[in-house]
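In the two complexes below, chain A is the common chain; its partner is chain B in one and chain C in the other.
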Partner chain A sequence: MNIELESSQKGNGAVTLTIKGEIDMSSSSKVRAHLTDLFKGNQSAIVVDLSDVSYIDSSGIATLVEGLQWSHTSNKKFRLTGLAPMVKDVFEIARLLTVFEVYDSQEEALKGV
Partner chain B sequence: MELEIVRRIDSLKDIYDFIESFFESNGTEEPVRYPVHFVVEELFTNMVKYNPGNMNTILLDIDLEGDGVKVMITDYDVDDFDVSKKRDVDVSAPLQERKVGGLGLHLIRHMVDKLDYHYEDRQSRITFTKGPG
Partner chain C sequence: MTETVKLTIPSDPKYLCLGRKVLHHLLSTHDVPEDMTQRLILCVDEACSNIIKYSYANCPDLPIEISFSLDEYRFEVKILDYGKQCDSRTIKPRPLKKIEPGGLGTYFINEIMDEVHYCTQREKGTLLTMCKNLKNEVTSSKTN
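So, the complex of A and B:
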């Protein structure tokens, strides 16, 4: 499956990771590699924008859970934004909506980081 | 409508295209589409992951059933593993205690209307239905 990842430094010490496409078994390793690099950086917050993610499977969710766990050990903020309704449903069934910090837009997610 | 799938992760694209083509031909509604894609891909991924040395293809069969669809996935020369059996996945545990393994099966059970498993002569057959309701 095709997936595009683009990270962008923000002035407030945050970085956004915009993901486009489908996060499944064949592409989640790319997301994981990108997150690994971002957590090695000096940013205080990582905002993952999923607005253009049409599909996520359990390996994709596992990757994001891993990112959240890294954020706790590295003392960085880790936020999600732009979850499409069907993607949100998957998070809800896994009861992860209350575990992640989820925002409707990048602007909101970048506030107070 | 049937598809014989080569047992490798690269086949996910063929699976996606096959199911999407079925949905397009039948005007399947969105509330059915996502869960069916999700469940088929999760099950197929598990079949590849847990039987990497098995050279047999996997058979995917999808048909209309009422307003929704019925999907059957048959795997050959495999050990018995009942995916319909409820397993302990504590989705209410704190993050640090969460185990990601088993999450896929938990999601599958909550996304389909009916999930059946049949095993005989080292052949497994998983059948599930999903309607728009």
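So, the complex of A and C:
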């Protein structure tokens, strides 16, 4: 299963990471590597756009939890946007929906970063 | 009448999507709502991922045998591996209070499925059986 990752610098010191595809055991390491690079940069905020992610498993959730932990240690904002119903449901089952900063759109997520 | 679909995938993570696709097709032809379909797919996927990681220690060319059965409202999946056995009493989900990466797969399985049984009373490997009663989901889907 292919996964596409694309990061885009925003003018306000933020960077968006758009993920397309399914995040499972075969692809979560790519997401993790990408996030690792982004946290090494000097952006003040990282917004992960999951609008085109149709499936996520526990390895994908674990990767995003790692991102959240990195955001705490690096003092960067870490926000999620565009959770499809399946993805949102997995976050809810794991009781993580309120742990992350979740927004409906990139525009909203980029406000006030 | 019980409908059964069997498939065997290699223990390579790149083939996990095959199990997901087959199960999605099976459940969608039986009017199982999409949200429940996705939850059942998640359980099967997590179980296969655990086999790859723990039973087969990431060796990518060993068999994972999956059998899906649907008998009116009862969904049953059996997943067989031939890898390292473990004491099923030690397979427990971690508490969710602590926010940390990892350890959620078993939690998802136990939270979503009605019955989960690990059988290691065999020469090699483990047979995992998971069941879900879909009566409420399917009947409400048909009346809507």
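The rule is short, and it goes like this: the second predicted complex is superposed on the first by the 113 of 113 C-alpha atoms of A that agree within 3 Å, B and C clash if a C-alpha of one lies under 4 Å from a C-alpha of the other, contacts with A are read in each partner's own complex, and residues count from 1 in each chain.
Everything below uses one rule, namely that contacts are C-beta pairs under 8 Å (C-beta built on N, C-alpha and C of every residue); 3 or more make two chains touch, one makes a residue touch a chain.
What you see is a predicted model, and the numbers here were worked out from it, not measured in a lab.
S.K.: Let's test your reading of the overlay: on chain A, do chain B and chain C clash or fit side by side?
M.R.: Partners clash after overlay.
S.K.: I'd like to know which partner A:Phe39 touches here: chain B for first, chain C for second, both or neither.
M.R.: So A:Phe39 meets neither chain B nor chain C here.
S.K.: Taking the superposition on A as described, I'd like to know which of chain B and chain C A:Met86 touches: first, second, both or neither.
M.R.: both
S.K.: Which holds for A:Ala94: it touches chain B only (first), chain C only (second), both, or neither?
M.R.: both
S.K.: For A:His72, using the defined touch cut-off, is the partner it touches chain B, chain C, both, or neither? Pick first, second, both or neither.
M.R.: first
S.K.: Both chain B and chain C contact which residues of chain A?
M.R.: Comparing the two interfaces on chain A, one with chain B and one with chain C, the shared residues are 1, 22, 24-26, 55, 57-59, 61-62, 65-66, 68-69, 86, 89-90, 93-96, 99.
S.K.: Can you name the residues of chain A that touch chain C in the complex?
M.R.: Where chain A meets chain C, its residues are 1, 22, 24-26, 55, 57-59, 61-63, 65-66, 68-69, 85-86, 89-90, 93-96, 99.
S.K.: Which residues of chain C touch chain A in the complex?
M.R.: Going through chain C, the ones touching chain A are 12-14, 16-17, 20, 34-35, 38-39, 41-42, 45-46, 49, 52-53, 96, 99-105, 107-108, 111-112.
S.K.: Which of the residues in chain B end up touching chain A in this complex?
M.R.: That would be residues 9-10, 12-13, 16, 30, 34, 37-38, 41-42, 45, 49, 91-92, 95-96, 98, 100, 103-104, 106-107, 110-111 of chain B.
S.K.: How about chain A: which of its residues touch chain B in the complex?
M.R.: Against chain B, chain A makes touches at 1, 22, 24-26, 55, 57-59, 61-62, 65-66, 68-69, 72, 86, 89-90, 93-96, 99.
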